[in-house]
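Both complexes shown next keep subunit A, but they swap its partner, so subunit B is in the first and subunit C is in the second.
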Partner chain A sequence: MNTMPSGQYITGTSMLHRLDARGKLICMFVLLTAVILTSTLWGYIFIIAVTAALMLFSALPAAALFTPLRRLWLFFTVIFLMNALFFDGNAPLCSWWIFHITAAGLSQGAQVVLRVLLVVLLSNILTCTTRPMELTGALESLLKPLKLFRIPVEDIAMILSVAIQFIPTLSEEADMIKKAQTARGARFESRRLTDKAASVAPLVVPIFLSAFRRADELSMAMEARGYRNAGSRTKKDRHALHLPDYLALTASMMICAASVFIF
Partner chain B sequence: MNQMSYVKRSILTAVCIALCVVLPMAFHAIPNAGSIYCPMHIPVLLCGLIAGWPFGLLCGLAGPLLSSLLTGMPATAYLPIMMMELALYGLLTGLFMQLIHTRKIYVDLYISLVISLLAGRVLAGIARALIFAPGSYSISAWATGYFITCLPGLVIQLALVPTIVFALEKARLIPVRYPVEEG
Partner chain C sequence: MCMISGTGIRFAYEADGRLKRVLRDLDIQIQRGEFAVVLGANGSGKSTLVKHFNALLPLQKGELTVAGINAAGRSDIWRLRRVCGMVFQNPDNQFVSSVVEEDVAFGLENYEVPREQIPDRVRKALRLVGMEGYENRSPHSLSGGQKQRVALAGVLALEPDIVILDEVTAMLDPQGRQEVLESVRRLHEQEKKTVVMITHYIEEAVLADRVFLLGDGVLQACGTPREILTDPQLLDKAGLTPPLPVKIYYDLYKTGIRLDRIPLTNEELVEELCQLN
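Up next is the complex of A and B:
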């Protein structure tokens, strides 16, 4: 709670930091498609090499990129074991009771873990090199075709950007409320389920009251300043995509095609 | 609760999406809190009840997505299932709250909550069996995952959500659903 979650923007001047957020978002979707569609060993090696190159180009500290992977170790272990021990396949390498370890199961488990690992790393590179506001702006531009279906894209982008700005404030407040309730005798660390359940209400209700009070103040301030809805607003900055953005898009599409069709 | 302005509903939705990220972090000290207490469900249910179904739907879709991107919870593999489940809760609570008017707020809240929680679980189970895990998803796995493991969470949701709505009405942070007529 005291530290902001991993994936938070880290200031920098690297090549990836300078790219347009819209381009980066499309590139990430293309690379995620490559991760999902690849099924051969050489394909995976190629995508791992691309991800390593992106990590180098981003000039981000390794800790920022690898922290979420450390948190997921239990998930990785469970997924790998589920696939390795219960996969239906011929010629098991080893059998005991209901467990059958097969080469196909081991390979399946490793593939699933590798895919999740690559997806987490790629999305972390994106969020660490792009400001949240730029990301929501990019999302807004990319979702513009949905306007044809009368979906209020600008309003959705505004809601998301306000939500992102609220996270650190609410996180600090939740931490303070948690400490205050612990001082009053709430037993969050207790092993008994009843104690744990009883400690939830004094934590959750004040968090909601405080969060809704902030929302009330902000909405009043916005309405007092004449804000009605995002649809009728114009933007101060409108940036066009530049040559490096087009190059990055072309490169990511070539990487996706190569990983699917060549390897 | 339908007297709120569009801007206020939007900001309340933003706050609920932010709480979808913050609450699971606050529950982090409790082992397995995610699957037992389902902390992300509370803001989504509240958003549907207070702001209406379009905002509840948005909160259910964006909350888990943002949380997964920023904190890695839920894990990417569970993200689509969770987005669909929470979107259903947000949508259904909002719809039922709009349709049900018994002149008693607790009755409205409980009917909307119970029907939404049940219908959401049934639809999420069907979607899981047909789309996300075709052929390998059984009724026992559905009952275990959606009712037994998260039973404390269900109880907490049913106890806390109406309490929070009532506390918010009392604090005048949301309009009173059935104002007492004077005279």
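Up next is the complex of A and C:
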């Protein structure tokens, strides 16, 4: 029943595992910027190559990185079609009713899909190579300036990290509820759109209920173990960044600049 | 000396405009170092009762002192939760990290234990429940019994005097139950912790020093497992059925076969049956 949890930390000693979480987090944001700003074919090829290299460096099993993508195929199909069919462009390749397929639309659709794909992959590499509490600490220290505006930064970081922990549990539960509803005659496989929409309700309602129940139990368990607010906890070791961390930061900034200005 | 001493504990909540009374002026005394089992049918208020011990539920009426700390005082609440640890029923809903080591350290960090002490205490806690070597695993990849033992380690890392177990075996398979019960037994015998275990599995009550039988929001009876579990009328009143060996004793009794004593465990039953001729 416990398959490979997607996007969860996987123990390892690779180069990426050893980097400082704060550095990794910034690197990821820089690379995400590169993904969003790129718009040329060579730019994409370059970033795909960088992502592939990171995957190799991380020494993670490919399944761990690609499983979350499999769940998104419907989402990808929909954004591709939306862009391909509705994008306003000149010289449609073919038109029918309100749909116009244009070269620009097709390329736009492909780009959006590719970008989301890269974003998911990159964030997966981050969460798979960083311990959850280190990630929480990194978020905390990067968001620290917001404390000036009295935003409870530590609590927000804790909430985010706990929420990530529960993704596999909830998706496992969604599968189970789906099976249970199918056993009682619910039809998820119907081809008619109206049926499909109606069949979502018996799935979503129980999942929401259970998520609330879990949150309630978890918060009680956290309180029982002495959690007051994230501010009054043992402070994380705050080492200065080391040479490899600076190298990684420089490299990711150069990658970002290259993808924007060169390609 | 009394580790937990409560008198006149009352708890009620309003649902659908009606007042639901869960605990009705309940009195309870648990001794230091005791292995207490709180036994009761579903809805008997046992979970509600123990949630008062570490002030997860505020005391509405009555008095409650736990390890010398007044549970009604809001100022001592965090000190109270440190000496009185609690493990919950659902193993999946009490983990805050997907790395065992980090999860066990969670409580220590909450009490601002200096960072350099944390690894040692985490290792020690995991050793106590026989989970050393799992430091870097993800709780999701463990069996139910292992998850509960890790949860127990998370509580033990804080070195509490009292460990409360709220139906910790209810969602486990038989093997997981055995593992967890074994850890709990060792905790009580070797570490001399006061253990308060809630259960509706009557077989688990056999392990106790003293059984507290709850029904209808009051303490129906309290005594050794032999006193409580061999009394079918008493158990029936609390909505429970006696353990199998006890049932067999009474069934045999009805057919005219008398055993020398009422057996509590299967082993005792076998012994008694072998002495028949």
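We take it that the second predicted complex is superposed on the first by the 176 of 263 C-alpha atoms of A that agree within 3 Å, B and C clash if a C-alpha of one lies under 4 Å from a C-alpha of the other, contacts with A are read in each partner's own complex, and residues count from 1 in each chain.
One rule holds for everything that comes next: contacts are C-beta pairs under 8 Å (C-beta built on N, C-alpha and C of every residue); 3 or more make two chains touch, one makes a residue touch a chain.
Worth saying up front: this structure is predicted, and the values here are computed from it rather than measured.
Of the two partner chains placed around the shared chain by superposition, subunit B and subunit C are both touched by A:Tyr227. Of the two partner chains placed by superposition, subunit B and subunit C are both touched by A:Val162.
Once the two complexes are laid over each other on the shared chain, residue contacts for A:Ala201 go to subunit B alone; subunit C is not touched. Contacts of A:Leu81 after superposition: neither subunit B nor subunit C is touched.
Once the two complexes are overlaid on the shared chain, A:Ser123 sits against subunit B while remaining clear of subunit C. In the superposition on chain A, contact of A:Gln8 is made with both subunit B and subunit C. In the overlay built on the shared chain, the residue A:Leu143 is in contact with neither subunit B nor subunit C. With both structures placed on the common chain, the touch criterion links A:Leu241 to neither subunit B nor subunit C. Between subunit B and subunit C, it is B that contacts the larger number of residues in subunit A. In the superposed model, A:Arg214 lies in contact with both subunit B and subunit C.
Comparing which residues of subunit A touch subunit B with which touch subunit C, the overlap comprises 5, 8, 162, 214, 218, 222-223, 227-228.
Residues 2, 5, 8-9, 11, 131-133, 161-162, 165, 168-169, 214, 217-218, 220-228, 232-237 of subunit A touch subunit C in their complex. Subunit C contributes residues 54, 56, 78, 81-82, 85-86, 88, 90, 92-99, 102, 105-115, 118, 136-138, 140-141, 154-155, 158 to its touches with subunit A in the complex.
Residue ranges on subunit B touching subunit A, taken from their complex, read 5-8, 10-15, 17-19, 21-23, 25-30, 37, 39, 42-43, 46, 58, 62, 66, 69-72, 75-77, 152, 155-156, 159-160, 163-164, 167-168, 171, 173-174. Those residues of subunit A lying in contact with subunit B across their complex are 1, 5-8, 68, 71-72, 75, 79, 112, 116, 119-120, 123, 127, 155-156, 158-160, 162-164, 166-167, 170-171, 174-175, 178, 188-189, 193, 196-197, 200-201, 203-205, 207-209, 211-216, 218-219, 222-223, 227-229.
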